[in-house]
Amino acid sequence: MIDFGFSVNPSSRINLDAADGEKFHRLAALEPDALKCMACGSCSASCSAAAFEDTSLRRALLSLQNGLSDDAAKLLSHCMLCGKCTMVCPRGINTRHLILSILKIYSL
Amino acid sequence: MISLITNTVHQITPEGIIDRYPNSYNHFVLPFVIGMTFILVYLLIGLIRILYHLSGEDRLKLLKSLINPKTAWKNIKDIFCDCLLHTKIWKRKPLLGYMHSAIAFGWFLLIIVGHIEVGLFAPRHLSGLTEGSLYYPIFYRFFIWMNPAHETLRGSVFFFLMDLILLYILSGIGLAMFKRVRSIALGMRHTTKPSLADRVALYCLWLIFPLRLLAEGFTADLSGGGFLTRPLNWVFRAFFGNELNFLPTWWAYSICLGLFFLAMPFSRYMHILTEPLLILFRNAGLKVRKPRKGFAEAEIYACSSCGLCLDACPMNTQKKNLKYSSVYFIRFLRRRNKKKVNEIADKCLMCGKCYALCPVGVNSPAIRRAIRETHNNSIKSDYSFMDTYAGSAENSDKKNKILYFAGCMSHLTPVIIKSVETLLKASGEDYEFMDRDKGICCGRPLMLAGRTDAARQTIQANTKIINDSGCSILLVSCPICLKIFKEEYSLKGIEVLHYTQLADRLIKDGKLKVSKSSSAIVYHDPCELGRGCGIYEEPRNVLKAVAELKKASKEKDESICCGYSLGTITLDEKDKAKIAESSVSSLMAENPDEIVTSCPLCYRAIRSKAEVPVKDFAEIICENIEKQ
Amino acid sequence: MKNNILVIGGGPAGMEASAALSRMGYNVILAEKEKSLGGHLAKWDRLFPDQIPAKQVLDSLLEGIKDVKCFTETDVNSINLLDRSYNAMLSNGITILADAVLLASGFDLFKAEKKEEYGYGIYEGVLTNADLEKAFKEGKTFSPAPMAIGFVHCVGSRDEKAGNPACSKVCCATAVKQAIETKELYPDANVYCFYMDLRMFGRHYEDLYLRAQKSGIRFIRGRVSEVSETADGRLLVKAEDTLSSKPLKVSLDRLVLMAGMRPSKAGRAVGHQLNLTTEEDGFFSSADNLLSIQRSKLPGFFYAGACTGPKTLPDTLHEARSAAMEIDRYIKENFRK
Amino acid sequence: MIYEGKKKIWAEYQKEIPEDHYFYVRSCIRQSFFPASEATFLDITRNKLGKDIFETEHHTTCGGIAYHSDAIPQETAMTIIARQFALMKKYGYENYVCSCITSFGLYCETLETWREFPELQQKIAENLWKTCHLEFAKPKFLVHASDLIFKYRMQIAAKSKYKLVNKNTGEPLRVVEHIGCHYSKMFPSKGVGGAEYPYVLVGMIEAWGGQIVDYPERRHCCGFGFRQYFIKSNRGYSLANTHKKFESMEPFKPDMIITNCPGCPYFLDRWQYVIAETEGKTYGQDGHGIPVFTYEEVAGLVMGYDPWDLGLQTHQVSVEPLLDKIGIPYDPAKKYLGKNGKNLGQPEKPHCLK
């Protein structure tokens, strides 16, 4: 191996073929609301934790669907479960249970 | 009759009482003795287990409370009122209260008076096991022959008393039987479905006292009897003749008692024996720590499965959700059905109404929280941002009297924040806004979800900010925050007040002048404010000063949760909406013009369902501040 | 005397208008270039949002025109405005003197092969909304059962390079409907919808969207950039997931292109003969886009349906009925004084 | 894959390529890295096919590299280009053929810009006159050198000695074609076969017996991208693009790659070495790489040129396994001998790439 001072940049591309569908199915079985997000962003806009750190349930769900579970866990790690997102979600998603379920399924 | 007593040794007492059996024994007592022994051993083991699972600190607390005369007196009072007289039920549902006290207090009296009678007339049989002291007082009327010629006034009083007590109990049993058929007549819309052990114990309980009446009726001519047993004896003799074969009824009576005691640990009737223990624990100030052991176990066995929580639960608007009531929760917990327990624990709104209305005082919300803790507390979080955040106080150099913490939810209802600020300014109060732009959550939602460790971190961060602010009053507009600030924060010298309390105080102090409008309003008690913190009167005092206050069909500690409590984890939006509807319909009982509440969650929930204007507590005060 | 009215185009608009005019007592002549009536409706299996069979709608439309003279496989060879009537020569040799003409020439589906990067006609797995609908109608299933299927919204719509900057209005709902039907047919398959905006404007359309989401259909916001074939003959589809601002790839077994609406070629030929103007999008310009969409700039010449821009079926049918009323009013004002 | 569908698209992107009489301009990069390719182009067209391809030593760079690296403004680049066109006119030609894809793209861009903005063309004509005293002209036909070879592919096939066929199996070789981005992605109508399914190299491969490999990242850039390569801190990105292409073509097991751009063969070839040395991965058979050729090299090979005369010893990826596959004889001893017979010196053997 030779050090050229540069190497292949990692790809930022999402590969849906490699996404773990089984875990997401488990999540959807536990909290079917996982499928209902329409990406309006109300949750992140009202989020108490987002005022301090990068926190977004919308993006966390998206990351999970894209197979990037580490990103999702990070996006929810600052959540204080205050429930504002539940109050504002236009789809009536049970966000608190969804967050708890994500953290439980994907942090193992 | 003579033949019956020929082969007995006559031991004549001063009042002509003769022991018909020299060894004071007959085989029929065996079922009772077996049952009684079983239950006593079971109780002893259970007590040791529960005490073993208490933490050392809790055991010490318990011991101290037992020797403290103040708590000891409270223990006695509570046990007498709650376990025997059932005053809590009496207050809400008199007929149901009578039923319970008739059985419990009646039976208690029967035992006590029975023992006194034995103590007076055959004291030997109370002295030791060899003399049958375990069973003798129970079957006293079987073992003795009383010379009618020597009947005294003292004896007759006991005959009368014992029969009166029996009648009292029988009236309770009669009501109980009637309740099985038509529960609504006793004020219960829903009743529990009994388990097999429950049924066995129930039928035994129903039979015990009628059988006692029968048995004593058969022997009333020998042992003497009162206004019930004597006439019964005449009737029996009229039908069956002189030779009465009374032994089978005594057997049946003993079998029922034995069976009842054998079934007791597996049935709801365990509450009779566990409730006093729970009272001792509660008065000692113990709290639920583990979901199934120690204190919680005492709570679980203290549940009488009466089903009053079925009617209390706000989820009962839909029949499908009745299965999430506390009574079933406790039942599954007792049976160690983990799946069901978890499901119910997560569904609950934690509104606390079942706890408030429970005649035994089983704190099932606390147990639910402990269950949640077992599977949610290990969830990792990253709250490092709290380490550096120092709050967004506006003029931090000035030490203000009042620090206002709006909390996460109030930020979704700007009308509350705006009105609270208007109210403070109108009263000339100096205040500082702790979380105008952003803030750390109070920790109650995490706590409710069982994430205790995470909650502790937010509590720690907020405690520092509040203590550093130099305030003397912490003002909150969200009851959820209020509860945790009061219970879990250690704020030195700082008074935590809900804005309803502050408003009441400001008006009383003359700092805030309000005028009364002609509007008829109704007040919705938020769960965490009312049942959670016991604040019912302050908001009403203020509201009476600004409007005509109407009543809701259910209010104060019976207030129906708005459905949007943060306590629930899995209840879905549709179910929440249904609960909100039932809450609103209770509020509309007297057709008020407006609904007022004092919680941002309730405000939003009720607003979404009510057809009359919904106002925040501070908002309606601001509308009625007297212009100077 | 009954006034002659010529209706050009035997799709839903032409049929519904003919039925209404005939009920009003006019002598209606309907000319349709295809072998049978029904237009695109006849080729569709089920209709959004309620998934009622297209045949059911078609049958009731056919029922309405029992008394109408229909010429199928008939083009309008020439048409010109005389004094106040139109003289039309049909390809079947018949000449008609009509007091009013209704153009209901509808739309052509965008030719999906024009979006070369999607590989329609090049990769076996790529098909159009019409192809899929045909397969549904004929009860044909894919074998082996596909494991992953994608739907591309806005193919030939909202695309200046494809010559159509406008929205075709029906594709979103069609895609979601077809995605649901596909998922029902192949429950184990991953179904993806690649959309730019979801325009679920009609009644129950949003319900359809929610139903699709609940059934596990994944909505990816981003237009497919290119499609290629993998070594094992599947389709490799690339897009950007614009909600996470990341490029994305996925292997699919089938890719369904939601071909949009373009002005009908045959309709434009008729318009050309009368110098009827079209707007920039190629659809006919109405006298007024708010008050009288059914009127053209020529007296006695009317429009109904998608010849004045993309429309849903209910829109088309409403227009057809209101066009009939407009024609009735025109005849009464000009011929019955 | 439906071949008929592709043919339909190819039919839509036909470009007029005159048979003969061209003014030829070279490529800066190719002159340096693949000098034999341009020499072969001239030899085949002039000597083997008897075409009139004129070249003058007075032509310069087109300015493309400087332009794309933001080193010179557009007007400067256009004036340089105007001078090239003026030379063509001066020597009496009206068909312009260039060796470089960057140039080809820039010529197309310039001609389109002039068409859209005649005032700019006027200004450039003035610039040209002021600076060079040359008369402004535009070519009647602008083609790329690969267009010409495409045009002559059948004539070359008729004169070929070898076919792109594995002599052991008789199977056609699996060939990956790679088109320079600036050939038709900017102006699909200017390239043979358009941008999505370009036909220019496919036509050659088909004519010479090979089989085309259509792999998912076929359209992707080779990784050159001017700025991405020139700045060292961006090279990892350049490399990543090449890596992506190879990962995508690997399952198709291609025998060779044919390109029509100056940068592409260079990067597809050299980056295989860097990928091998940094990632430890090779894409050809038995630890070899996939050999990369210019279209002139491939034309030369099928026509029987000596591989070393085509400059194949300057490739990083060894070509011998492919030559063996086709059955083209070569003398290993002569690999590193120059035209004059002197030893050029032998490169070090890489660690990973055979």
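Per-chain residue numbering starts at 1, and chain names A, B, C and D are given in the order in which the chains are listed.
Criterion: a residue touches a chain if its C-beta (ideal position, glycine included) is under 8 Å from a C-beta of that chain, and two chains touch if they have at least 3 such contacts.
In this text the structure is predicted, and so the values were computed from the model without any measurement.
K.L.:
What is the set of chains touching both subunit A and subunit C?
P.N.:
Expected: D.
K.L.:
By CA centroids, point me to the most central chain in this structure.
P.N.:
A
K.L.:
On a C-alpha centroid basis, what's the spacing between subunit A and subunit B, in Å?
P.N.:
Chain centres of subunit A and subunit B, defined by C-alpha means, are spaced 42 Å apart.
K.L.:
Centre to centre, by mean C-alpha position, how many angstrom separate subunit C and subunit D?
P.N.:
Inter-chain centre distance comes to 46 Å.
K.L.:
Based only on mean CA positions, could you tell me how far subunit B sits from subunit D in angstrom?
P.N.:
The separation of the two C-alpha centroids amounts to 87 Å.
K.L.:
Chain pairs that touch, all of them, please.
P.N.:
Every pair of chains in contact is listed here: A-B, A-C, A-D, C-D.
K.L.:
What residues of subunit B sit close enough to touch subunit A in their complex?
P.N.:
346, 375-376, 379-383, 385-386, 389, 408-409, 411-412, 437-441, 443, 445-446, 449, 451, 454, 458, 564, 566, 569-574, 601, 604
K.L.:
For the complex, which residues does subunit A have touching subunit B?
P.N.:
So the residues of subunit A touching subunit B come out as 31, 33, 46, 48, 51-53, 77-84, 87-88, 92-94, 96-97, 100, 103-104, 107.
K.L.:
Flag every residue of subunit A that touches subunit D in the complex, lowest number first.
P.N.:
Interface residues on the subunit A side: 1-2, 4-11.
K.L.:
Could you list, by residue number, the parts of subunit D that touch subunit C in their complex?
P.N.:
1-2, 4-6, 8-9, 194-197, 214-219, 251-252
K.L.:
Using the touch definition from the top, list the residues of subunit C that touch subunit A in their complex.
P.N.:
Contacts found on subunit C: 190, 192, 198, 209-210, 213-214, 216, 218, 221, 241, 243-244, 246-251.
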